[in-house]
Each structure stands twice: as C-alpha cells, then as structure tokens.
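Residue numbering begins at 1 within each chain, and the chains themselves are lettered A, B, C and D in the order written.
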Amino acid sequence: MIQLAFLIGLTGYSLGILLPLLTRRCPTIQNISAHGAAFLGAMGGIGVGVGGLTAEVPYHVSIPSSLPLLTYSIRLDPLSSLFVLLISVCGAAVAVYALGYVREFYGRYSIGALGSLFNAFLLSMTLVVLADDGFFFLLAWELMSLVSYFLVVTEHDKADVRYAGFFYLIMTHVGTAFIFLTFLMFFQETGSFSFEAFRHSAQPMPEGLSTLVFLAALIGFGAKAGIVPLHVWLPYAHPAAPSHVSSLLSGVMIKTAIYGLVRVYFDFLGPPFPWWWGFVVLAVGAISALLGVMYALMEHDLKSLLAYHSVENIGIILLGIGAGMIFQSYGLASLAALGLLAGLYHTINHAVFKGLLFLGAGALLSQTHTRNMEEYGGLIRTMPWTAMFFLIGAVSISALPPSNGFVSEWLIFQSLFLSFQIPDLLMKIMLPIGASMLALTGVLALACFAKAFGISFLAMPRSSHARQAREVSLTMRTGMGVLAFVCVALGLAPMLVVPALDRITTPLTGASIAGDLLSRGGLSLTPVMGEEFASVSTPALGMVLAVIVPVALLGAVVLGGTLRKRYYKTWGCGLNLTPRMEYTATGFVQPVKRVFSTIYQPTVKLETEFLEESRYFAKQRHFEVRIEPVFQRYFYDPVVMFVSAAADRLRVIQAGSLHLYLTYIFITLILLLLMAG
Amino acid sequence: MGMVRPDIGSQMVDLCAALLLVSCFAIVAQRRLSACVDMFALQSAFLAATAALVALLTGIHHIYFAAVLTVGIKVIVIPRILKKVVERLNVKRELEMNVNIPAGLLICGALVILAFFIIRPIIPLGFFLTRDSLSIALAILLIGFFTMIARKKAVTQVIGFLVMENGLFLGATVAAYGMPLIVELGVFFDVLVAVLIIGIYSHRIQDAFDSVDTSKLSVLKE
Amino acid sequence: MMARNIALVVLQAVVLLAVSPFIVGLIRKVKARLQCRLGASVVQPYYDLRKLFRKDVVVSSNASWIFTATPYILFASTLTAGLLVPLFVSKVPLGFAGDIITVVYLLALGTFFLILAGLDAGSAFGGMGSSRVAIVASLTEPAMILSIFAVGLTAGSTNLSTIVHKTALLEGIVTDPPPHLMALAALFIVTLAETGRVPVDNPATHLELTMIHEAMVLEYSGRYLALIEWASALKLLLFLTLLSNVFAPWGIATEPDPLWMALGGAVWLVKVSGLAVFVGVIESMFAKLRLFRVTDLLGVAFILSLLALVFFYTLRG
Amino acid sequence: MTLSLVLLLGTPILSGLGSLMLRDRRVVEALQYGQAAILLAAGALVVREVGTGAPVTFGLLLYTDALSAWLDLVLAVVGATGTLFAVGFLGEHLDRGLLSVRRFRQFFCLFDLFLAAMLVAVNVADVAIMWIAIEGSTLAAALLIAFERNKAALEAGWKFMILGSVGIALALFGTIILYFTSEHVLGVTSDALRWPELYRIASSLDPTAIKVAFVFVLIGYGTKAGVAPMHSWLPDAHAEAPTPVSAMLSANMLTVAVYAILRFKVVADRTVGTAFTGNLMIGLGLLSVAIAAILLLVQRDYKRLFAYSSIEHIGIALIGFGIGGAGVFAGAWHLLNHALAKSTAFYGAGWVLLRHEHKMLDRVTGLLRQMPLAGSAIVIAGVALAGLPPFGLFASEVLITVGTYAARPGVAYLFLSLLTLAFATLLYHVLRMALGEPTEAGRAVGARSRVLLSAAIVINLSALGAIGLQIPLDLARMLEAIVRLFDTRVGIP
C-alpha cells in the first residue's frame, strides 16, 4: 500500500514540476495543471503518512548513488510518517486554495515557475522528512531552502521582498552549516552518514562531543525554526512570500526543523543525556514564546503578526520537548513521553491553524491589496466565510476551549506542572516558572488575536479598499474550509490523535502512555497520573456549551416574551460615528506597550502642524511609534559591519601595482623554499 | 676529453658561472638603461661561453648548438630590439627604482646565500663536473626576479625576465647537461616570442600611456 | 448513576443562577449602608433582570452576528466554568471534564468574545474597554492559574474536586500557611480585577475615563444586557466560591448524600455571603486606582502567586 | 584509439590555421562549428576508450591516462560551447562594426591555437613539452586578452604577460630540478622526463630535491592557476579580456595549470609522502578561498565577480586534492562542475555585456525580466557556484569538508565558514542583478548571434543539470581510476 501511495505522490509532484514549465501559453492551464498535480501528490503523501503510522515495521528503501558517502535511502518510521501526513494535508488544502489565489498573479508573474516551484517545495519537504542518510538529508534540506527562497521572492519587483528573501537565504544556509557540522561529528564517531549507524553507534559519544552535537543541532535547526536569537529573518521572509506559500512556510516548513531536533535528540543521541540540555531547550522555548507574542502584539502588518506568532508557537513546542528532555534525563520515561507527545500534538495543531490563518490573511490581501490592518475593518459583512474561518483559527491559536490549541497547550501545562516528581530542586522551580511564562504567553496571544480579528473584520471599513472587498472565490474558501474542519476535529477528538502520537513517542522515550492518557473510554485526557490528578474532556465541554446556549436562548425568549429587535446608530455622544473615530490597532495595544515598555523601548514621534492664525488649532498631526528592533541592532548589524569593514581593509591587497604582485610571488617563493629546505 | 683533468674542468666551469653572477650584480648596479642592455648582452656572452665549455668537456654536441643559439638570439638580436625600443621611446636615461642600488645589492647578496643554502643538499646528486654551479643558476634566477620588482621601467622588467631565462638556461646546462634538443628549441622559441610580445606591448603602452613607467599601470584596482 | 449525576449538575446550575444576583445585591446593600444611606433592597438585581428581559433589544447598525452571539457564549462559558467548581459537594459530577486550567481558559473564552463585541459596535468606548480588558486579563489569568496551582500542589493535583476533597479532610491545610496565604492574597486581587470591582474598575459608573467592563457592554440592551449582567454576577459568585472552597473548604459534603449536601450548601451560602460583605467593605474603603497603577497591582498579584509556588517547594524542602 | 587523440588535438590546430587563411567570414564560422562538433565527439571517444583501461600512448609523444582523459573531457565540452559562444559574440561585434573581418579571423586563429596548446599540454608524455605547450597557451592568451586594445585591456595583458612568464620560468626551474634528479637515477636519456618512467622510479628519487622542485612547480603553475597569493593578475585578465576568452581562461586554463601541479604531486607523493604536498596545497587553497570570499563582497564589475569566484573554486579543488583519498574524487568532480558552471556564468555575463555595453554591477537589474535566458543562466550558474544541491558542486564541497574534518576539525570549521561567506557574497551580487525591475534598456542583440549564444548556454546547462545528482557510470569509473593514480600504495599501470 505504501509503495503505491509513494508512487502516486512522486508522480504527482514530478508532474507538477514539469507540466507548468511545458505549457507556456496560458496561465490558467499552468495554474490548474500545477496545483492539480500538487493535490494528487499530496493525496499520495497522505496515503504514505497513514500507511507509515499504521505499519508495524518501518518501510525502508535505499538506492546507492555513484557519489561516495551518499546513498538515496528513505525510511518511513512513525515519526517521519506523522510529518509526511502533516505536509500532505496542509499541502492539499493549500493547493486547492492556490487555484483561486494565484489568479491574482496572472500577467504580473510567471505562473509556470510559481507552480513548478510549489510542487518542488512540497516534494523536497517530504524528502527531508523521509531521508535516512545524513548526506541525502542535507541535499533535500538545501533543496528545500533554495526552492522556498525562489518562492519567497516571487514578487521580486518590490525591494523589501528581495531583501527579505536574501536575509532568509543567508540565515537558512548558516543553519545548514551547523546541521552539517552535527552530522560531521556523528560521521566522525560512526564512520558513515546513514542514520541507522547514528542510531546504533557502537560506543556512546564522549561527553564533550555530544554537547557539541547538541549545541550545533540546536543552532542549526533553531535557525530554520526561528528560535529567538535566530528568528529575525522570519517576520521578513514569511510575509514577503505569496500567502499560500507563506502558509506552507510558517505552517509546515519550520516543523521540519522540529522534526530534525526530535530526530537528533531523541533518536540519535539516545535517552540518557545531561539534565541541562532539557533546561536549555526549555529556556529557549520560553523566551521565544514570550518575545514572539510580545513583538506580535506590536505588529500591524497582518502577515508579519502571524509570522511572529510562529516564533511564539515554536517556543511553546520547545517548552513541551524541553520538559520531555528534562524528565528523560531523570529517568521518568512516561513523563518524558507525555512532554514529547504534547510538543508533537502542538506541532500538528500549529501547522493546521497557522496555515488556516495565513490563508485567511491571503484572502484579505487579495481583496484589499494591502497588509496593513489599520486599513481593514467591517470585512465580516462583505467576506462572511473568510471571517468565519479566520475566527476558528483565532480561537484555536488563542487556545480557548474546546479548540485544538487548548488541548495541546493544556497537555504542555500538565507536563510542566508534573515537575514536582523531579528530584532536583532547581528543576522543580524552573518548570513552574516556564508554566507561568506559558500562561502569560497564552493570554497575550488571546489579546493579540482579539485585536487582529476585531480590527480587521468588525465595525466599519476604514479605507476604500476595505469597502470594495468581496468574498473570495470558491476554491479559496474550500481550502480554508478543509483546514478549519481539521482544526475543529483535532480539538474535539483527541482520542484519535493520541494513540497515533503514542506510537511515535514509545520508541523514542521507551514508555507507552496511551493507555493511561485516555480514560473514560477515550472521552477525556488524564496525564499519566490518573484521573484524580487532572483531566480535561473537550468533547464533554463542547456538549455542555452546546446544551447551555439554546437553553439560554429559549429562556431569554420565554422570560422576556418579546423577540423584537431594532437597528439604530451606535451611541457616539450624539455625534454620528465615522470610521475615523473607531479604535485602531495601535490604540488597542497602547496599554500593553506602556506596561512592557522596558522590552519594547518604543520611540514615539508626534509632529503637529498648527494653523497660521493660532497655535491652539492644529491643521495636521503626524504620529509615529517605532519598536526597537533589539536583535537586529545589537546582534546582526555588528556582524555585517565587521564583514564589510574586513572586505574594505582587504581591498588594499589588490592595489593594481605590478611590482606589488611580483613581490607577493617572490615572498611566497622564498618562504616555501625555506620551509622545504 | 681526457685532455683536461676533471677538477680543473669543474673549476673552469665554476669560474664562468662566477663571471655570470658578477654580470648579474652589474645589471642591478646600473643607473642607465642602455648600460643595462649592454650588461645583459655581456652576460649572455658569458653564458654561451659556459655552455660551450661544458659541451667541450662532456662532448655532448647539442649543447654547442644551444650555445650558438644563445649567442645569436641573446647577444645580438634581443639587445638590438631593446636598444631600438629605448631610442624610439626616448625614455630618459635615468632609471626610477623602487629599491635604491645599495639596498638592491645587499638583497642580491642575501639571495645568493639563500640559493646556496637551498641547493646544498642536492649538490651530491649532480655530475662532478658541473654540480656546484647549480646554486649559481638559482641565484641568477632569483636576482633576475628581484630586478623585475626593483625597477619601474617596462624595459627593465624585460631585462629582469631575460636574466631569469639566462639563469634557467645555465641551470639546464649545468644540472643535466642541457635538456633534450627539442626541449631546448622549444624553450628558445618561447623566450623569443615572449620578448617579441613584450616589445609589442611596450610600444602600445608607450602610445596609450605615453610613458613606460609600469607604476602608472595601476588603474585596475581590487 | 448517570441520571443522579445529571440531576446534581442541573441542581448546581439552578443554585448558581439563583444565588448570583443575590450576591450582587448584597454587595450593593453593604456599600449603601457604609455610605449611610438605605440603598436598594438585596433582591433588586432580580427585578432589574426581569425588567431587562422584557425590554426590546436595540442593536447597532454597524454590528455583525458576533454582537448578538456574544451574550450567549459569555453566559454559557461562565456557567460551564461554574459547573466545574465544587459548591456543596467535593466530588463535583462534571469534574472529569476540566480542571483549574480549563476554568481559567473558559473564562478567557468569554472575555475573548466580549472584547470582540466591544470592538464590533465601532464606538470609541467599546474599543477603549476592550483594550483595557486585554491588558488587565493578560495579567490576571497567569496569576489565577499559578495561585490555584500553588494550593493544588499540597493535594498533588490540579483537579478542583481533588483539591477541595483533600483539603476538606484537613490533610494539607495546616502544614504550610505562608504559600497558602500568598496564594489567597493573589487570588483575592485577581477576583477584584476579573469581576471589575472598585480598586480596578468601578462597576457603578459610566464615566468613559474609568470604566473597563462597563465600556464593552455599553451598546447592549434588553435581554442581551440581562444575560451579560447575569454572567458577570455568575463570575463574581464563581470567584467567591473558589476563594472559599479551595482555601477553606470545611463543612463541604465529602460524599454525595442529600443530607450532607444540604448542610454543605448552607455552609457554602454563609461563607460566600460573608466574603461578599468583605468585598463590599473593601470597595467602600478604597478609591479606584489609575489604570497604569492597576497594572502594577496586578503585577504584584502575579509575583505573589509565583512566589507562593516557589516557596511551596523551598520551604517544604 | 589514437584516431580520437589525433582528432582531438589536430582539429583545433587545423581550424586555427584555416581561419587565418580563409578570407570569408561565413566559411570561418562554418569551420568553427565543425571544430566544435568534432571536439565534442572526440572528447566522448577519448573518455569511452580511456575509461578504465590502461593509459593510451601514441608513440613516445602522447600519454593519456585517466587524469588526462578527465581534462580532455573538460577542455572538449567547454571548448566546444566556448567556440559556439565566441562565434556568436564576435559575430555580433562584427555586425555592429566594432571589428574588421581581418581582426575577426585573427581572433579565431589565436583562440583555436590557445585551445590546441592546452589540449597538447594535457595529453603529452614529456614534462618539458607540457611546459612548452602551457607557455604557448600563455602567449596566445596574452595576445587574446589585449585584443580590444583599450587602455584597461593593455594593462591587464601586460600584467598577465609579466606574471605569467615569471610563473612559467619558475615552473621551468622546477622541471629542470626534477630532470636533474631523475637523470641521477636513469642516466642521461631522453625519456628521463616522461611521466610513466617518472612514476616508476619515483620512490628512488632524492626527497629534498623533489621537495624543492615541487615548491617551484607549485608556485609557478600556481600563478597560472590563480592560486592566492599569486592570483593578482586573474581578476584584471578575466575582466578586460573578450568574454569568450575569459570563459576559456577561467574554465580551462586554470584547470590545465592545476593538472600540471597534480602531475608533479603524483611523483612527489611517491617520493616524499602525501603530507608535504598535502599541507602545502591545503594551506594555499584555504588562503585562496579566504581572499576570494572576502573580496567578492566589494566587487563592482560582474566579470571580476566571476573571476574571484574562480579563485575560490580553484582553492577548494586544491584543498580537495591536498586531502587525498575521497578528496581527490571530490577535487576532480569539483573541477569539471566548476568549469561548466563558470563558463555558463561568463556566457550569461557576455550576453549582458552585449546588451548593456558596460560592466557596472549596480546598474544592471531585472535580468530575469529583461533577458530571461541570460538571466537564468547567471542565476543557475550563481546557484551552482554557491554550492547548492541540485548541482555537483554541493556534493564535492560536502566531501571535501568531510575530508578536512577527518584530517583536522579546526580546518574544517574555518573552511565551512569561508564557504558560507563566499555563498553569501556571490549570491548577494548575482541575485541583485537577476531580480527586480530592469532599469536600462540597452541595445538588442542580433537574431543570429542570439541563437548561438543560447545554444552554448543550453548545452552547458543541460550538461550541468544532467550530472548534478547522479554521476554517469563511465565518469564515475574514470574518477575511481584517478583516485587510484593518487593512491601511493597502488603501483601505476
């Protein structure tokens, strides 16, 4: 079954890569052929994923290559099949969405290139997750980065898109260099690049080397995932890409980095690792989560707001994985399995609702041709479906019950609260502090998405663009609809997801917890310690809410006896309200900016142009607030300055005089002769 | 060839090589351009003499042919071309230098010591007759290289290059009794064409930059 | 067994709905008395609700379906949160459906939709209220989770029924008062902030500079306003119940037999009204804080709850 | 077998002389097409025959083993596409009246002789004749560089001439010392300078003499190969020469110079052991990559940009060969891919030069929009030269890093960071040129030459893509033969 699905997937994607390039003439054919083939490929991918999850023994195939050290080998164990499933489901939904969205690019950009790159992107991501050989993993990884770069710079006539693309390309390449170092150190130990050898290396790695491997993997995969110090490229690159691509970038591509981390830490380095590793991952996760959401709050470009939220959610995922690693280092296998399972569950959830939100933002962008939220408003009336799906995404990402975000964030909370079983005192305290930062992040995310949804969709349209917006085409709606349905399903039916995840965490941590995680016949989740410790059941909550709302409705009607409803102007102290009097996104977050000003270091600029006659009546006011790009200022700019300064100083060695060049040769000759003599 | 006892033979070869080295120093010490060209002609003559001597002592005839070629090309043809270039370019006699003469001579002395130090371990490998003049050949090569760096004029760079060629030719005759004939021919042919091309270049540079001072040729920066 | 559980759940819902307006009335009565005036009767809120239910509903022309859906979602989420908290019996039937984190996030669901409704009408007041609630909520909820959890540690669980059940049997409460006191103080501040009482927000005013909760519901009228008023009363009762049952659960029925439950219910009613009186007294003593002083106060609550957690470990060793 | 060798060497010589004699332009062009086709066929034939078999000799003069056959392949493919490109490029100059037919014919005579000299150098058995052939190619290149007779070309030509001659002279002295030591063992015979004999007696040669000889050869031919610190002539020569010439210089001449160093390395390794030569080559290689990576950032002329990239890639190949073992496999693979990618880059640059008639980097933007084929050629070549996967350079850079890591981890870290820096600097300029809106219209290129230019680019790109992910079988066998050649434990057939 898996081979068949694999073949379908492969033919689908390769068709998708070739077809658009061959049909030169009309963009619609290119669009349909590319995204149709992508959909077929994704279906194949889903088959492979499901097959892999249910199969007992991992499916393995390897083709030797003529290059030494490189074998094109693929292995489908539960972990990779989960991620293949993730990529394919999101890929399928986005492919359907793209059919409508790409129509906006006809005539302006080459649809053929966009379509074939899209398919190449999906194929390379699937290969990254399936690769079973270090060299082949690096090859697929670089291919993925290269193809995603060309997708990000589709609209390369804009200067900031080019800058964002280049910044992204350099950062991923730096990341790849570190990943390459990780595999090099494994190669040094085991003598071959195959993951099989990494997994069963004869003697465990010496202490110093395994720490180097840990740090190199964290930096390498962290650069792609966007953990805090290395996240600066993400809010540039993801918004710059076309929305259906940024949905895949943010939703799925950074998850391949999480896959990499889990593979290296849990699969290769093996369970007994020092305690401080888990703590470092936890700390990085907590900081990324908090700073990610804080910068997201200040962002008024909808897509970069979502990009910052990716940084936040990666932080939350790392919190789960970090907690898992800490438990593992203290030998609490079942708790480690819980932490890892929570992290993976949140990975799936984030992929789905972040993808949905970006598709929603894309729909808004295609109608209003701007990404600035201050120019949206009242779109819920003209675009009801998009509003509905965006609302479902917003509820899920803010982790409100009974959504899927809530389930995974609840599991991560529980794994952090189980810290009292750890013997070491410091860890006992650190994990709850991590939980407090997660709580703060969760609620700030709620505020941020209330702002995003409220300002964009509700009240009156603030600009002419927003007024002319119309509902998007059917394909875009179905794309979003599929993801919204999956979002709700993941929320209400954790009992389906948990056993599948358990098949992954059992081999990695050595403890199967599906049994005691699902109690009351799978109705509710109880983390490991049984029901009286803690349990939540989103289906039950959903049912109770579903019962109370109609009862309240009937009760209100019966008690009141009237159903009359009158529409009238909103009360504006007697003035008739204009869109300019509505609350703006900047206004909405001003209290938050003021409370956390030490982190933001805002600079406010207010210029007022007074009337000639009197100083008390202003003709025009220009207000601008800017948040200090801390990391860019103190981390990236110095590096760039240093390199260009070095280049300027070194320029002098090519000074143009023939005598100088002759002297170079003369001195080198003398030195080497002395050396050889 | 038993006519001359071997040690006297090697002393005579060393004498000729020493004369060659002295002429090298003379070229470095020259201030005027035309004197440089004459000194080069003299050096080539010494070189031909050495080659002839080696041919005489070892009886390998094709070295005679090489010696005759040296006289023909390096003593007569090339100096005449260079003289014509010097007149035509009416470049003023005075030679601008990167390195003044005393410092130049000091460096050449150091180069000779260095050459001896490098070649010393290889000496026992060579033929008894000519083995210790291999280090002189390397010294001449290095001094030629140094003159190219020390002098600014394009013509002096050519002369430096030709001194290096002389060093090479001496090395070939001394180290291995001359390369196989076709190789000798090839080397001579290449040297001749190289000088021709350099001559053409200096004409064009003179027309384009109306000066042959190579330090002016530094427009192409990093 | 199933039927008895459902009956218990319905009973708990009815009791919650009935008692909550009384609590609001009681607090208003206490404030009036302290201001040396007679004040409305304690049952006045019931009359207000009945009046509001009968009135017509006026909806803003700018508003969307979110405006009309929010009262129901707010009412439902607050009532569901209420059903998860043990009132008169420690083993609450719906206990398996959620623990303290679920209660907090259910309340957050209500706040989320209230913020959206505030923005929906398009007036400056609604936006101002939503923006202020955003910052207040983002500081109170972490404090709430951590304070309850600090107490939960003694019972070794985050499930409210277990915490109440264990503390009710006098097991953990006596051993380490300091963390518990800190957690209690933090939760009390959170109660004042979440339900919009005086130091944080003045429930009785319509002055746009000071109101936070009122600003968001300014546009509501008729049965929607009634539901929202009822929901905020429910929320107040929920917090008071948490304060009383989690920290001092003595007298609560530990097994679900009718006699004990009735006694537990009575004890609960007394405790909650006592707390209501205390809140009334606090409201009369303090003036309303400036908005950015409120955030410092809530910062204190957050740090207190965190310290409670840390002290729980360090002191017990 | 000898037919293909003779064909390979003879065609360029004949077509060079032919293009001098023939008057009419069209006939000369036809001659060039023929030469390109025969070159490709002969190259394929040589590769097929030498493959795994014993080295092929033709009398005492020619000796083609796996390494020479590899270089023949590089010279044949890039020579063929280079000729096509040259006909297109010069034809356009002729149509625009910048060139007389006489100069056109002179160019092709020099161009073909230049190619012939390199082919001879690679296939000849005698070390001294190889030197003569390389000297011949230097002279031809010198005249070609100054072909356009403006001030900059003259200066570049002069520097190339002086530095090249000095390099060649040093290499000759190295050859003399090698002859000196081999004669000590073999006696005064004419075949003391033939590669097979040298390999046979390599173990009995005097170590110190071979060390000194290798130093001279490394400095001499290193200057020809553009290895730092002897690289200074390379950027000027490549920037000022006509683009087909700079493509030939970059792809072929540097590779032939590296070939010469490798020949000496095989001898030196058997005498002195791989450590001495390895360390020297790794040191100079690292220096080249460092200098090139940093100076790439400050470039303002796109041909100089690709010149510095050549210095970097030759440095990488040297490091590869310096490591030995899998490094040799990677180094040879690197040379072929670099030649293909670099020539494609120069073809693209040449087309842009024809269109915009200036070489300023920051005035050229929006190439993908304005000139799709030239733009994509430059972008694909840039991506390949940066070492990104679908192309062969990625695999070779990974293998070389693995090799250096096994030798000394510190060197591997430095090497990897330099590669990342070079990646960033090269792609910064290439992508700035390719993306965005075109600012200058420039002058349209004639239809005839456009066909020729795109033919050259398409052939190169398809070759580059075909061998990107999977090496064809007979090429892989040849690479194994080369690795065996450098393996000191194994005797030379």
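Rule of thumb we're sticking to: a residue touches a chain if its C-beta (ideal position, glycine included) is under 8 Å from a C-beta of that chain, and two chains touch if they have at least 3 such contacts.
Everything quoted here is computed from the prediction, not taken from an experiment.
Counting hops only between chains that touch, chain B reaches chain D in a minimum of 1. Traced through touching neighbours, the fewest hops from chain C to chain D number 2. For this structure, the chains sharing the highest number of C-beta contacts are A-C. The chain with its CA mean position farthest from that of chain A is B.
Mean C-alpha position of chain A lies 36 Å from that of chain C. One inter-chain figure worth recording: chain A and chain D are separated by 45 Å, centre to centre, where each centre is the mean of the chain's CA atoms.
Rounded to whole angstrom, the centroid-to-centroid distance between chain A and chain B, based on C-alpha atoms, equals 71 Å. Averaged C-alpha coordinates put the centre of chain B at 102 Å from the centre of chain C.
Multi-chain contact residues, meaning those touching two or more other chains, occur in chain D at positions 158-159, 162, 166, 170, 208, 212, 235, 295, 298. Each of the following residues of chain B touches two or more other chains: 118, 121, 145, 148, 157, 214, 217, 219-220, 222. Among all residues of chain C, none touch two or more other chains.
Contact between chains, per the stated criterion, is found for A-B, A-C, A-D, B-D.
Those residues of chain D that touch chain A in the complex are listed here as 158-159, 162-163, 166-167, 170, 208, 211-212, 214-216, 218-219, 223, 229-230, 232-233, 235, 276, 280, 291, 294-295, 297-298, 326, 329, 333, 366, 368, 383, 388-390, 394-395, 398-399, 401-402, 405-406, 409, 412-413, 416-417, 419-421, 423-424, 427-428, 431-432, 435-437, 469-473, 476.
Listing the residues of chain D that touch chain B in their complex gives 126, 128-129, 132, 135-136, 139, 142-143, 146, 149, 151-152, 154-159, 161-162, 165-166, 168-170, 172-173, 176-177, 179-181, 183-184, 188, 190, 192-193, 206, 208-209, 212, 235-236, 239-240, 295, 298. The touching residues of chain A, counted against chain C in their complex, run 378, 380-381, 387, 395, 398-401, 406, 410, 413-414, 417, 420, 425, 428-429, 432-433, 435-436, 439-440, 442-444, 446-447, 449-451, 453-455, 457-460, 519-520, 523-524, 529, 531-537, 540-541, 544-545, 548-549, 552-553, 556-557, 559-562, 564-572, 577, 579, 581-583, 587-592, 594-595. Only residues 50, 53-66, 72-73, 75-77, 79-80, 83, 94-99, 101-102, 105-106, 108-109, 111-112, 115-116, 118-128, 130-132, 134-135, 137-139, 141-142, 145-146, 149, 152-153, 156-159, 161-162, 218-219, 222-223, 226-227, 291-292, 295, 302, 305-306, 309-310, 313-314 of chain C touch chain A when the two sit together in their complex. Interface residues of chain B, counted against chain D in their complex, comprise 60, 118-119, 121-122, 125-126, 134, 138, 141, 145, 148, 154, 157, 161, 164-165, 167-168, 171-172, 175-177, 179-180, 182-183, 186-187, 189-190, 193-194, 197-198, 201, 204-205, 208-209, 214, 217, 219-220, 222.
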